[in-house]
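The following blocks contain the structures, represented as structure tokens.
Shared between the two complexes below is subunit A, which has subunit B as its partner in the first and subunit C in the second.
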Partner chain A sequence: MTAVAPRAGVRPARPRPSWGAWSLVAAAVVMTIVTGSAIHFTLAPLFNSATRGWVIVRQFFEPDWGFLLTTIKPMGVTLATAVLASMVGCGLALAISLLASRVTTHNAVVYRIAKAILSILRSLPDVVWGMLFVAFVGVGSLAGTLALVMFNIGIIVKLTAETIDAVDRGPLEAADASGANALQRARVAVIPQILPNYASYAMYVFELNVRASVVLGIVGAGGIGQTIQVELARFHYDNLSAVIVLLFVIVFLIDQASQWLRRRLG
Partner chain B sequence: MSAVAAVRPTPPPKWRVVLIELVALAIVAVCALGVDANWARLLDAPANAWTYGGLMVRGLLNNPFATPFDEYWLTSLDFMWQSIAMAWIGTLIGAVLSFPLGFLAASNVVPRWVVFPIRLVLNAFRTIPDVIFGIVVMLPVFGLGPLAGALALAAGSIGSLGKLSSEVIEGIRPGPVEAVRSSGARGLQVLRWGVLPQVMPEIVAFWLYRFEVNIRAGAILGVLGAGGIGSLLSRLFDAREWDRIGIALFVVIVVTMIVDAVSGAVRHRIIAGGTSRRERAEIIASTAGAAL
Partner chain C sequence: MIRFTDVSVRYPNGTVGLEGLDLEIPDGQFVVVVGLSGAGKSTLIRTINGLVPTTSGSLEVEGQRVDGARKRELRDLRARVGMIFQSFNLVTRSTVLNNVLVGRLHATPTWRSLFGWYRKDDVELAFQALERVGIVEKAYTRASELSGGQQQRVAIARVLAQEPSVILADEPVASLDPPTANLVMRDLQRINRELGITTIVNLHFLDLARTYADRIVGMRAGRLVFDGTAEEADDAVFAEIYGRSLTAEDVLPGAGEAATAEAATAETGPGEGAA
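Now for the complex of A and B:
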């Protein structure tokens, strides 16, 4: 039996502190202090004016269920808008994502322009699209549909273009070797590969659309959001509460159905 | 040999594809009727977009240092900064609150009877849009202003951050946990030395991503009176001041792109780890390209 030399005293040296990591933490702390003071952060209202706020919050616990009968139509409009915008948006997005990937677009200028337009599309929030289209086509669900289409294109193109970047190159080479043009190549070598992911993104965007249509209605783009806006302006919190509960149930059901489908696709 | 080449496999039947296309077309038709939209107005859209777009561009082209345009630029930047502040504080509070919930919703950390109710709560939070938190709780209690907006964003962030964190925690490798446990660690020590180092990079990346999302999500809260760029835009759109709208939208686009690029670079650094100088130059070049 050979004696093992006691090595308890020898410990590996501590790693040196990482300046990169600490400067990031410091930046985050500074950012927190600066932004916190910019919005006058305080939790005092939670204790001071809680009673004033609770008067309103309490009304949310007494929903007027009868009001829901009048919300059937706007809710239907909201769902139809979400479906229509998802389908139109996805269709356009597929074409644009072919332009926004180096795999399918060899022309550097076209690719750059597609990417630039995409970044601008993505940096505007859904509400802003709502406001713009309300100005362009007037108040109503047409504005909401168009706003959602733009919002969807931004999201789907980004995700799909990244999926296209990562496709298996084998089928592409085969298509090239047999003399396919760009469109045929996309049709037989790219789209079959990305279809499951693309379908999953489409479902994801549909989920987002149902939520976003609430937001769009508030700026005048129709649907259930408009009902919420009107009831809020009238201080009818009991009606508002019933609508919110209904919305919660519908969004929850759609999310569950969509996730089940996406799991099956993935 | 030539006879073999002539034999082609029969193409797969087309009827399934046709059926799917028909169903999709029918759904579009039904919804197009159901949205109750005034489709005729679609024809006005290009002309209006061209006119208003022209007015917006004209606002942008004015000398930004001459009055009153210097004032317009400063106001837009000020409100955009407020949006960023709202998003940062909202994300931070959401992150702090969701962090323990993420562990409590991971089935490899706590028993099933804890996981189930916590997940239910996270799902409920995830289902409610931020704007509803704003309307129901934050604006009544905290009054109009960016603080209410930040807290609404915080409430909206808890659900998704908690769910994403719990998924990361469930996906860890068991090796380090076993190693820590075999050296005598218990309870929180296992979490601190076995789990946390594995999951922290991805969780922090989710926080940053949520920050990017919250900058956009804050806009609607502004429309309702919670401050930030949304409140400025809603005022400008009501007054139809297209030159100022042009300036405000330009500020939104540029600032959002810059924040996305910085946050994206930090996320990449956290996930992918350190890089050599050459790789770093490539990453900077590619993120700059993506921002363009």
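Now for the complex of A and C:
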């Protein structure tokens, strides 16, 4: 093996260090201090008042497991809400995703309207949707389901539309060249390409829904969240802790199952 | 019959695709278009089915004016003009059969295609197309599991399923190894002869052009610089089309061995023949 002699040439000068990154870090530190002092942030109560809640904490460590029998029904409502909202939300989201990507929607007006609806949907958090629907349709699981559907559309359409933007255009050109219309092209050339990603987003949203439907129950959308709110109001911390342990187990199991499924999809 | 009359194509960025092209292609001819990259070969092919709109001039394909055609008219025209691509353009996650059925979309109501409920006759046509390119046993295989040569044959089956009167092929063998390239060209030639389908193929390789073409059209900078039979297209003509004399690189290596390699390649397994 013969060594190649290095050829002499002008080496480039080392570029000057970038001050941009450092000033960004400095700005982040300053903002943290300013915002912290604006709300008089302090961890003192964590140490000074820790003993105040001792009675409550003791109750928490003695969960009343018998109470769980009465939570079967509301728990079922919560899970049903999550499943139903996932199904409806993901179905609607797939159709809207096709409208919210330039790849599948050439009409600029339709595309802009879809994007505008999407940003409105995403501007409200799930709890606010819940409160709005409780106001509209009254307390109960319908409000919770509708709130989750809105929440799901916001997430899935954003992710799916971005996936559609990145599909291989070759099959789309082939469908065009064979005389297919826009809908047929989307069905045969786009959807098969995005299906694994879309299914993964749907599973992810289902995980979110199980947790979110608990929170929604607290604002009046039915299910186990409502039970939590009632027990909290009645100071039955032993009942509450039993519910929380149950929730932890269920959410953990669903997350594991969903993650396993998503890995298989990828 | 395809008739270009003084057709020019200018892209929005100012690039000239075609410049005052006059060209007439009678039914059933096997035409090979040669030229450097950027000479306008792809533009020429893509104007025929309206994938690239013309800027001026008039273009008539199978009795249909392509310039100024409405969306619906263009779709009807594209149903009769099949196209084959350099990168095959299959939906790799779908089965071979579903890819071939893309060729039947123009004859399938939209609601049926949304559910994937193709008519029995259309599925039958797809199977016949697969039989014609000799790959029917792969009908329920995912397209991604096929080699490059097999994928291009599926793409040819997709075009055949359209029952077209014209086939356009844009660099159909540029992604394939030499023996496979010859196989695919032979498939195209056989289809042209047996079914009388007008075939227009863009090619990089000169010897393939000479071997398979009834007629060779040379393009340079968007203009027609040669139009004649394969016999007339000697090295001097190619030198003029390419603007320089020929080198070994312009000839597809191993073309002579294609016949012996054919038997071996015909049974190529997944991945092996891929470029």
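Following the convention adopted for this analysis, the second predicted complex is superposed on the first by the 248 of 266 C-alpha atoms of A that agree within 3 Å, B and C clash if a C-alpha of one lies under 4 Å from a C-alpha of the other, contacts with A are read in each partner's own complex, and residues count from 1 in each chain.
In this section, a contact is a pair of C-beta atoms (placed from the backbone, for glycine too) under 8 Å apart; a residue touches a chain by one contact, two chains touch by 3 or more.
Just so it is clear, the structure is predicted and the values come from calculations on it, not from any experiment.
Q: Who touches more of subunit A, subunit B or subunit C?
A: Residues of subunit A touched, subunit B against subunit C: more for B.
Q: Looking at the overlay, what does A:Trp65 touch: subunit B (first), subunit C (second), both, or neither?
A: So A:Trp65 meets neither subunit B nor subunit C here.
Q: After lining up the shared chain so the two structures overlap, which partner does A:Trp22 touch, if you call subunit B first and subunit C second: first, second, both or neither?
A: It touches nothing on subunit B or subunit C.
Q: Check whether A:Glu173 is in contact with subunit B, with subunit C, with both or with neither, and answer first, second, both or neither.
A: Only subunit C is touched by A:Glu173; subunit B is not.
Q: Look at A:Trp260 in the shared chain and tell me whether it touches subunit B only, subunit C only, both, or neither; answer first, second, both or neither.
A: neither
Q: Would you check which partner chain A:Leu195 touches, where first means subunit B only, second means subunit C only, and both and neither mean what they say?
A: second
Q: A:Arg187 in the overlay: touching subunit B, subunit C, both, or neither? Say first, second, both or neither.
A: A:Arg187: touches subunit C, not subunit B.
Q: Report for A:Ser119: first if it touches subunit B alone, second if subunit C alone, otherwise both or neither.
A: first
Q: Quick check on the complex: what are the subunit C residues that touch subunit A?
A: Contacts found on subunit C: 49, 51, 75-83, 85, 87-94, 98, 101-103, 105-106, 108, 110, 113-114, 116, 155, 158-159, 162, 168.
Q: Which of the residues in subunit A end up touching subunit C in this complex?
A: Residues 168, 170-171, 173-181, 183-184, 187-189, 192-193, 195-196.
Q: Show me the residue ranges of subunit A that touch subunit B in the complex, using the header's touch definition.
A: Going through subunit A, the ones touching subunit B are 20, 24, 31-32, 34-36, 38-42, 45-46, 49-50, 52-57, 60, 76-77, 79-81, 83-84, 87-88, 112, 115-116, 119-120, 123-128, 131, 133-138, 140-142, 144-146, 211, 214-215, 218-219, 222, 228, 232, 240-241, 244, 247-248, 251-252, 255.
Q: In their shared complex, at which residues does subunit B touch subunit A?
A: 24, 27-28, 30-32, 34-39, 41-42, 44-45, 48-49, 52, 81-82, 84-86, 88-89, 92, 123-124, 126-129, 131-132, 135-137, 140-143, 145-147, 149-150, 216-217, 219-220, 223-224, 227, 230, 233-234, 237, 240, 249, 252-253, 256-257, 260, 266, 269, 274, 289-292
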